[in-house]
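In structure tokens below, several structures.
Each of the next two complexes has subunit A plus one other chain: subunit B in the first, subunit C in the second.
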Partner chain A sequence: MTARDFAIRYGFLLLLLGMVGLFGWLQPGFLTVPSAVFILQSVAITGILALGVTCTLVVGGFDLSIGAVATSALMLAAYVMVVWEMGALAAVGLCLLMGAGVGLVNGLLIVKMRVPDLLATLGMMFVLIGLQRIPTEGNSIATGMALPGGGVAQGTFSPAFLALGRYRLWDVVPLSVVFLLLVAVLVWVFLELTRHGRLMYAIGSNAQAAALAGTNVGAYRIGAYVISGTLAALGGILLAARLGRGDVASGNNLLLDSVAAALIGFAVLGASRPNAFGTAVGALFVGILLQGLTMLNAPYYTQDFVKGAVLVVALVFTFALTGRGARARA
Partner chain B sequence: MITRRTLGRVAAALLASAALPALAQDRPAPFDNPGEVEIALVRYLSTGDFFQAYLAGVQRQADALGVSLRVFDSRQDAAVQADMVDQAIALGVDGIIIQHGLTESMREAAQRALDAGIPVVAFDVDVENEQIPQIEQSDRDLARLVLEQAVEDNGEEWVAAYVYVPGIAPLDRRNEVWVEFKERYPGIQEVAQFGTLDNPIANSVANQARAVLSANPNVQVVFAPYNEFARGVKIAVDEAGMSDRVSIYSADISTADIGAMREPGSAWKATAATNPAVVGEVSVRALAMLMAGEDPGRQVIVPPSLITQAQLNEENISSMEELSARIPAFAHADVAAPDWMPLPSAPQD
Partner chain C sequence: MTGAAIRIEGLTKAFGPNRVLRGIDLDLPAGAVTVLMGANGAGKSTLVKVLCGVHRADGGRVLLEGRPFAPASPAEALRAGVVTVHQAIDEGVVPDLDVASNLLLDRIADGSVGVASARRLRAAARPLAEAVGLAADLGAPVRDLPLADRQLVAIARAMAHRPRLLILDEPTSSLSEAEARRLFGLIDRLRAQGVALLYISHRMGDIRRLADRVVAMRDGVIAGLFEERPLDTAGALRAMLGRDLGEAELEPAAGGRPVLEARGLVLRPGARPFDLVAREGEVIAVTGLVGAGKGTLAGVLFGTERPAGGDLRLDGAPFAPASPAEAVGRGVFLVPRDRRRNALVPDWDIGRNLTLPFLHRHAAGPFLRPRSETALGRRMVEEMGVVCQGVRDGIGTLSGGNQQKVVVGRWLAEPCRLLVLDEPFQGVDIRARRDIGARLRETAAARATLVLVSEVDEAAEIADRILVMAGHTIVAEHVNRALDLGAVMREAAEAAA
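Take a look at the complex of A and B:
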């Protein structure tokens, strides 16, 4: 293995380790168990969204609507519990259904209507940002709010639902972190170890060849958007459980952060392609960076700057250093 | 927001305007014949609880006067907002309220309205024009009220963390007060400053606040002068299990915030707020005075009220409506209210 290969394979992981060491040295509180748990919890939501978008990247697509799906799920969960006064199970079920439904519509638009993926999901993003505000006329949802139809919302967030975002196993590990790890493992197994996952990679690298080999390309592409939508809804559920209210938000920052995580993931272990492990590491990378910088009192704009710089470096790792890919394409 | 109560109020206002032509005639022109008066509200910001409540207040006062209201919503597009002022001029409205916006884009547009003989008032945007009254919620008073409460609760010596994003006018004004306070009470030691407007803001601020709290476990007071910030800090404090050691002081309030402040053992101790609906009412009243040829003054300031956790618990308040009903200072501001001005009926029957 040459030095160059080594840099490509392990460079990013070393960078991550170096960063952890640096923050630990500068800020004694950084290398502690609570701090590690904090970081995992802060990346749980974007991480889950990023894993969803990874699935669409694998089939050569893209899902711009995930941030809006997540905030729509946030509003829907709040609406179901506070206005309709239903339980946690109904809230979770309806949100996941909504996410899968949006994913299905995205997939049908892209595969059946032949709308380019960026445009279809962009349209869906706007639809959702508007739609989530219509039932409450633009207001946030909380117990005691006045309803447009008259009366006052009496329901509350069920404790079982809030536990999704707040309960801690053994008083240490928040449930949302467990969900992140679970989703990461499931997506990794699905993409790397099953026939379906391999076919999805095949579609991503050459859809025509995959189709000629007998793959139902359309179904797999639609499936990827359904996965993405469902995972985004799961992220929204966790967000709602953490906030304990239905906040009006566009979710654009969620979208950007999760896309950044997925793209950084290209560089991990020199994969040069979307992959679940890389995405998880990418999300962690961004989380550690922001947590450390905040502990050092760095203002928010420097954090955006650093986040962007990391993304650029990761993309350089992916596209420039992995010479094989570049030569193969040339 | 249309509740049964507001519907009732609207109905009452309609009845009143139909039944009391004699009263209306006592008002100065053009409000002696309000059916033919139309005012325009040109908005820059409109999404969120604050702006919804503001609009409700504008509507309420317009109804009380019996004038019709036309709402233009530019959705944070400065150029569109300027065009909308021109549109309002072309439609021949009798008065214009400019709600937020950028000085650079609104200065000329507002001047064009004045040139067309249309009175203009501006809320929270400085259009640099002597003839245009500024409606303001006093951010400085807001910050001062809540910080005085923090000193009363915690003494003059504490370790503070501060949430701030520079470049946002109301936050900048609140920041000035914080800087003065730190000078006046040298015992206040600020160990961390953070803040972000990445949305969902509460979630992003919660992530930051947790990093800050674990780096500075000795923090006693978090000054978070914007309710979205305070929500995020409260999530972080709860997650870190520090509710008994940390107190949060904020500004602004909503129904959900009242719930958060009243949770058992909540770290969110006090907030100061101006009722956005009242600001909306005052905007219309100031415009009406101007249209009637009276002078509301160059600056019309709507005073804020202090709202503490203890007060909410004592009065058993759980929503903005109840807050308005039980804390009269919050429900009504005696600003821009000459004798002839019809006021919207009190929120409680």
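Take a look at the complex of A and C:
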């Protein structure tokens, strides 16, 4: 293994370890359990969204609507419980159904109507951003709010629902982190160990070859968007459970943060392709960096800058280093 | 001949431990066509890439009209007058721009053509188009042009640089006969203008028609130079392969019971209906010019296209596949043409490329069984004679011939009723072609095999029966015994006219 191969494979993980070491040295409070838990909790929702978008990247697509799906799920959950006064189970079920439905529509637009993926999901993003505010005329949803048709909303967030965002196993590990780990493992197993995942990678690499090998390319493409939509809705549910109200302004950064995590994932272990493990590491990387900077009292507005810089460095890792390697092999 | 335009002295190039060029000495005279032959892996492409500035040589030197020439980039080589037309035509054009902009692209890029009206662009581009006999509408986007015209656009663009050396890398591999003739006319004119031409091809017809000299490469050195008339192409072939190949001898088999029966098949509206019976154990070659309808036949059999009429039966049962998946389910497999576009998964290793169509055989429920995959990979690499280190090698590290062995092997992994191969020998060196052909005949007993090729000698090498296709119908049929290949070729050409 040459020095470059080593750098491509382990460079990003070493960078991650180095960063943890540096923050721990500068700020002793960094290397503690509460700090670690906080980091995990902060990346849980973007991580779940990022794992969904990873599935669409695998089939050579892209889902720009995940952020909007998540906030729509947030609003829908709040509406179901506060206005319709239904329970946690109904809220979760309807949200997941909504996410899967949006994914299905995205997939159909892209596969059957042949709308390019970026445009279809961008359009869907706008539709959802508008749609989620129509029932409440643009207001946030909370118990006691005035309804457009007159009257006051009487329902409350059910405690079971709130527990999704707030309960901690053994008083330490938040439930949302457990969800992240579960989703990460499931997506990893699906993409790496099943034939469906393998065929999805084939589609992303050469869709024509996959089709002529007898693969139902359209179905897998649609499936990827359904997975993406469903996971985005799950993220929205967790966000709603953490906030405890249907806040129209929350979730602004979800799309960009999760896309960044998925793209950073390309660089992990020199994969040069979307992959579940890399996406999880990418999300963690961004979380650690932000937590470290916050503990060092860096001002909030440096955060986006730092995230952007990390993304660019990761993309350089992926494309410049491995690209040069590929040319030398040819 | 007016002396050497290019002189190559002791050129070496290695990638890691792999010494690809091991001391090349070669003169390329102006006003002559030098044909470069070599099996895949001989170092042809590396030599070309050094000349056109993609790779830098490790040792030795190149003189261009007496001056040292060591381009650091393709742009530099272009400025010095070394112009390359690549096999992959779309590398040389911008499909979304119109023809005029494509022709003037280099001038637009270096700033000598600034903002101009479409009319002025077309006026400036017209002489360039006329110089190569390109008759296409200059305002049309290049992606709407036929392949041959796209290639002419690439060549016309190259001509704007007043080339001293023009390198053509298998330029006829996707051209029809008439298109190839037009290209040959252009090459004759360039030769008369004193351009040195380096022409890389596996096609004997091209070589006989064009070559002033033939250079054979093997294992990174020049294995033979032939310039005495008549050119000793057999000797060049020997030098390139390092052994006598001999003619492929085969005893045509009659075939057993019918597998595929087509009655009154109409491939497209207006085409004459035809019948076709493919029997078990039989290898049938369908030959014809590009555009004769071979691709449509493959598409109809594999469920990507619908026939305009007629009746298809497979083992006596009606057969009208609506998708490749359905065709595969009925035991009809297709090795598609153009493996890069239609068959290879470029990011994957050999093993994964081999298991792609029958992945469910290597899975328990949804979960893959890596050991089963590796076992199949090893078996197919062995059976097909793929030259590689192991099944974990990236598919991109293989030569074209070995890639094709993988693509064919992937479909030989499971038994089938009808195996269709569409141009399986495109961009495959002669040795790999013989290997693949032999393997196809060895395994042919339990199925019917249909090979679609535009080269008649490829058909004669492999088939029991040869059908000639033209105008989307079958115009002649021959048993492959003491065939006059020239006559078969004329049949295909005349029926098309």
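For the reader, a short list of remarks on this structure follows.
Heads up, the rule we're going with is that the second predicted complex is superposed on the first by the 320 of 330 C-alpha atoms of A that agree within 3 Å, B and C clash if a C-alpha of one lies under 4 Å from a C-alpha of the other, contacts with A are read in each partner's own complex, and residues count from 1 in each chain.
By our rule, a residue touches a chain if its C-beta (ideal position, glycine included) is under 8 Å from a C-beta of that chain, and two chains touch if they have at least 3 such contacts.
Remember, it's a predicted structure, so these values are computed and weren't measured experimentally.
Annotation for the three-chain superposition on subunit A: subunit B and subunit C fit side by side. In the superposition on chain A, A:A202 makes contact with subunit C only, not with subunit B. Judged by the touch definition given at the top, the superposed model places A:L193 against subunit C, while subunit B stays out of reach. A simple residue count on subunit A separates subunit B from subunit C, and the partner touching more is B. In the superposition on chain A, contact is made by A:R273 with subunit C only, not with subunit B.
By the touch criterion stated above, A:A211 is placed in contact with subunit C alone, subunit B being left untouched. With both structures placed on the common chain, the touch criterion links A:T143 to subunit B but leaves subunit C unconnected.
After superposing the two complexes on chain A, the closest approach between C-alpha atoms of subunit B and subunit C comes to 31 Å. Listed in rising order, the residues of subunit B touching subunit A in the complex are 1-4, 7, 46-49, 52, 165, 192-204, 206-208, 210-212, 214-215, 217, 231, 235, 238-240, 254-256, 258-260, 318-319, 321-322. Against subunit B, in their complex, subunit A makes its touches with residues 27, 29-30, 32, 34-35, 38, 41-42, 45, 71, 74, 133, 137-148, 150-152, 166, 174, 239, 242-245, 247-254, 290-292, 294-297, 299-300, 303. Contact residues on subunit C toward subunit A in their complex (touch as defined above): 15-16, 302, 304, 323-325, 327-329, 334, 336, 341-348, 352, 356-357, 359-360, 362-363, 366-368, 394, 396-397, 410. Residues 193-196, 198-199, 201-202, 205-206, 208-216, 272-273, 326, 328-330 of subunit A touch subunit C in their complex.
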